[in-house]
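What follows is a pair of complexes built around chain A, which joins chain B in one and chain C in the other.
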Partner chain A sequence: MKQFVLKSMPRTIIVMLLSVVMIFPLIWMLLSALKTADEIFAIPLTWLPAIPQWDNFANALKLAPFGLYIWNSIFTAIIIVFFQVLFAAMLAYALTQFTFKGKKLLFQSILLTYMLPAAATYVPSYVIISKMGLLDSLAGIIISNSISVFAIFILRQAFMQIPTELLDAARSDGASDFVILTKIMMPMSKSTIFTVVLISFVQMYNNYLWPSLIVKSEENFLITVGLNRFFTTQGTFAEQWPLIMAANVMTVAPLLLLFLILQKWFMKGISDNGLKG
Partner chain B sequence: MKKRLTIALFVGIPLIPLLTFWFIPMIVSVWLSSTDWDYISPDFSYVMLDNYKQVLTSSDFHQALWNTVFFGFWTVLPTVALGLGLALIVRKQMVGQTFFKGLLFTPWITPMVAVSIVWSWIYEPTIGLFNQILGFLHLPQPQWLTDPEYAMWAIIIVTIWKNAGWAMLFYLDALSKIPDELYQVGDLEGANAWHRLRHITLPLISPTTLFLVVLSAIDSIQAYDQIQVMTQGGPAGSTRTLLYLYYQLAFEQFNMGEATAVATLIVLLTALLAFILFFVSKRWVHY
Partner chain C sequence: MNATKIEIEQLTKQYENAATPVIENLNMTIQEGEFIVIVGPSGCGKSTTMRMIAGIETITSGFLKIDGHIVNHLPAKDRDIAMVFQSYALYPHMTVFDNMAFGLKIRKHKKEVIQNKVHEAAELLGLMPYLKRKPKDLSGGQRQRVALGRAIVRNSPIFLMDEPLSNLDAKLRNQMRVELLNLHRSLKTTTIYVTHDQTEAMTMADRIIVLKDGQVQQIGTPEEIYRQPANLFVGTFLGSPQMNTMPITLKKRTVYLNEIAIAQLANDINSGRYQIGVRPEDWLIVETGIPLTITHTELLGADLHIHGNFEHHTIILRCDGKSTYTIGGVIHIMPKHLQLFNEQEQNIYVKLLGE
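Now for the complex of A and B:
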């Protein structure tokens, strides 16, 4: 063991340095969030705050309700992910277990949509949301994101791996399609589903362009929208930079915490399922 | 009969949002590109291909097209190369391996909006971290985000930084599937590290490379958040990509006809790219 540690020492040091460089913008964010305005603008650079300014967080919260924004983001992301998985499971089941007219066309359309940029749908989707009276509401964001072409695609692949003998046996025992889906296929694909849940959640929490078009009033802001608003309104005042960094830390914290707890799932799931960024 | 009802439910329910927010908007978008609709008034008239003529002859579009290609090229290749480099270093057994992989992957998890704000602070010309370091090394200190020469590079660096760990994960998986015997045969034949990489590793991971290039390229066409936060397409349109041009035409100028024309062109560009990569892959990807 000792010899092994010594032998891999040079490489370990290189990897350590690379990791620090990669993570440094995030460390810098945290350090800046704890500095005073004078320290943040000091030349030459000060690396560490003399006294950590924890008040920066409280002061940022006084200027904008980041707690509410983060809650809005987590809440909408959870509901969206729920519907994405539900709808994807239903369609993936239909695509793998049923034969019906237009099945091939449906699958090809889904495949085509997977490749195309979502932005191409934004103008008509915006009009549809406004016609539904859902502009400036979280419901508008939830409904328009409730289907994920990508989730359908991945779940279909997972469902195809399940041995047909197993499903035939269940059917001859009189199990309904609903029971087969929820009691056999979904439990057997649970690691795929869990990965889809995690990645979709992160994507929805990080989503900016589409939500920024839908929500207009502050009580409906998602964290990305609220944070960028805070940045554009406060960024012109030099003394506010520590507060902006504090807001950044609050924004990133929930995801980093989630990643810290579920790191293995994220990393294994992504390379196993070929998940798109 | 009951079977048909079940099928109708399983297909029909998910089909409602799929049609409403994907299939129908895709078609409507192409239709809108033949009108002069301005979003506010209920009236519009058909102008057929005028929007396309207008767009294709405008210098804004030419600049945005070039910016998109430039951004795509300089983010995709370095992201994939850096991903492979990181994977090659991290893959061998070492103390704290899982921890380091996690650190290298972390940027991918964070919201682009938040990290773009951090980076715009790092890029600050006089007191920003980046120029302080460059000054320490006696290198030129550009006005990153306000100089048309450098603004796109600033956006590119952030994008590579955020995605390299993601590419690394795929390469780690691909590398772990190469059988050790192949390297042992290479060793017997006296292959050095470069030969091993060139003749064993690279050919065997070429499907992963293709996959990463396709996904990163499609992803690069859709880049928006970092541009919106750091430069808003400026200075002088130097970071305005096709997608950003589309956003400005649609949601700042409400010129829906030209905006949807740009959207159609973005779709065509994506399709063309997918087609080219598929064609190229037949020549050099070894399955």
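Now for the complex of A and C:
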């Protein structure tokens, strides 16, 4: 036992150091959100604010509608994830249950699009969105993100784990394809779907570059875009830095909350890639 | 209750990349309320046949008629056939009640009707205390019952069972076999049952279908199959211990085994070389006959199985469990009944003199 502890000591120390490096910016952000501008730029560094400046949050909200931004982000992310799972489930069903010409080719081409760097698709996607008249709208963001190759792939893997006899049984019980998908396959792949939902949600909430290309007017800003705008407009003034930090905290808060509540599921999603059925 | 006639005409199943069909030109008519058992070695196409009837496997050619209507292209969900699978195929995320109610819910039956039917079936199968459990919390026998229950509540005119008892232990299997038979007697549903277990086939079937390599070998009652096997394969496939087979020569109605005359035929058959098949219980122990050196005996309670050698032939005979024989000793035996198979291994159906 003692030997084991000794052996794992260096590893433990390294992991702890890395964790501190990872979490330091977050802690610094939280503390800075409560400091005055002088305290933020003070040398030597001050750790704790002399008086916590709770007003920073209210002042930040006065300068930009962060509530609206966050709402936009959460709203679009939820709708996007809903469609991603819906479409992925239907496609994965077809890929696992139907036999048709070119099935393999279809799946391979789906995977191929996953290999393409996202930036390479921006221009054509932009043109399509613009022709659809969806530039500068949340619908544009939703529609352009509603298919996820990652979700298709993971759900296909999960569906392949379901024994064929079970589906045959459902068919002879009189179940249609739709019933089999919604009443048998999706409930049986619950944990996988949940993992996909979480990962996709976080991804969409954090999505910046593509939405920033599409939306122009402030009422459609996602939090990522809004925050960047806030930073570029206010960041030149040192006295506004506490407000920027406060805005950051507000941005991160929903995700932190989600993570705290669903920690177990995040871990699961990372450790088994959601491949378990 | 409701039962249905199934007619199968020239049914063939061929997979795209396979050289030979899995099932070739299968013909049979299954009467209303009949209990049909399909037996055969693994890979003979028995499960495929069943799956074609269920509609979860496509039919390459031929016709499948249910109550006179061709249903080749009717999807499984519209055939109203209840199937019990070897793995039970219970829905793991549903309770026992929901598993059994699934088919009824899909058909949009009223809640009370579903409740009544499920409770009725659960009562019959002794599942009432387990209705709220998930399949993973049940024993093998209970799962098997749920699978049966799921089929029963549907009230379908046709039951298909694909080796439903093969995952149970021997004792439970015997018990479930009797329960299945009682169930069939009370429901009178047309049933097709696939198995490779010959005891199940012999004891349960109204008629047995013996399949080999996708070809029907024989269709008949268990007694016909056992007493008058159409060919050597059927003769050796059913019966335990196996039928003894050996090459013989026939000269003027007399059967010679290595120069020993062992039987006189009552029928006039051309002289020549044949194979005979003798069931272990069809040997008589006599004063002079085939001298058999006993190599091994097995006492099974009521029966004693004697294994012995005569030249290079191994022979098994069954006699009364009370008799004793010493290993190494010699007894003389003669067949009192035998099957005669020609070069094509077909049975010529002969009788012995005095039989």
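What we mean here is this: the second predicted complex is superposed on the first by the 252 of 277 C-alpha atoms of A that agree within 3 Å, B and C clash if a C-alpha of one lies under 4 Å from a C-alpha of the other, contacts with A are read in each partner's own complex, and residues count from 1 in each chain.
Rule of thumb we're sticking to: contacts are C-beta pairs under 8 Å (C-beta built on N, C-alpha and C of every residue); 3 or more make two chains touch, one makes a residue touch a chain.
Since the model is a prediction, treat every value here as computed from it, not as a measurement.
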Partner chain(s) touched by A:L34 [first = chain B, second = chain C, both, neither]: neither
Partner chain in contact with A:M204 - chain B first, chain C second, else both or neither: neither
A:I154 touches, of chain B and chain C: first, second, both or neither? neither
Which of chain B and chain C A:M188 touches, first, second, both or neither: second
Partner chain(s) touched by A:M22 [first = chain B, second = chain C, both, neither]: first
Partner chain in contact with A:M267 - chain B first, chain C second, else both or neither: first
First (chain B), second (chain C), both or neither touched by A:A246: neither
Which superposed partner A:I143 touches (first chain B, second chain C, both, neither): first
Between chain B and chain C, more extensive residue contact with chain A: B
Shared chain A surface residues [contacts with chain B and with chain C]: 176
Chain A contact footprint on chain B (complex, rising order): 6-7, 9-11, 13-15, 17-18, 20-26, 28-29, 32, 86, 89-90, 92-96, 98, 100-115, 117-119, 121-122, 126-127, 129, 132, 161, 163-166, 169-170, 172-173, 211, 215-216, 218-219, 221-222, 224-225, 228-229, 243, 246-247, 250-251, 256, 259-260, 263-264, 266-267, 270-271, 274
Residues of chain A that touch chain B when the two form their complex: 4-5, 8, 11-12, 14-16, 18-19, 22-23, 25-26, 28-29, 32, 40-45, 87-88, 90-91, 93-94, 98, 100, 106, 109-110, 113, 115-126, 128, 143-147, 149, 152, 176-178, 202, 205-206, 208-209, 213, 223-224, 227-228, 231, 235, 241, 244-245, 248, 251-252, 255-256, 258-259, 263-264, 266-267, 270-272, 274, 276-277
Chain C to chain A touching residues, read off their complex: 51, 54-56, 75-83, 85-87, 89-93, 102-103, 106-107, 150, 154, 160
Residue ranges of chain A in contact with chain C within the complex: 163, 165-166, 168-176, 179, 183-184, 187-188, 190
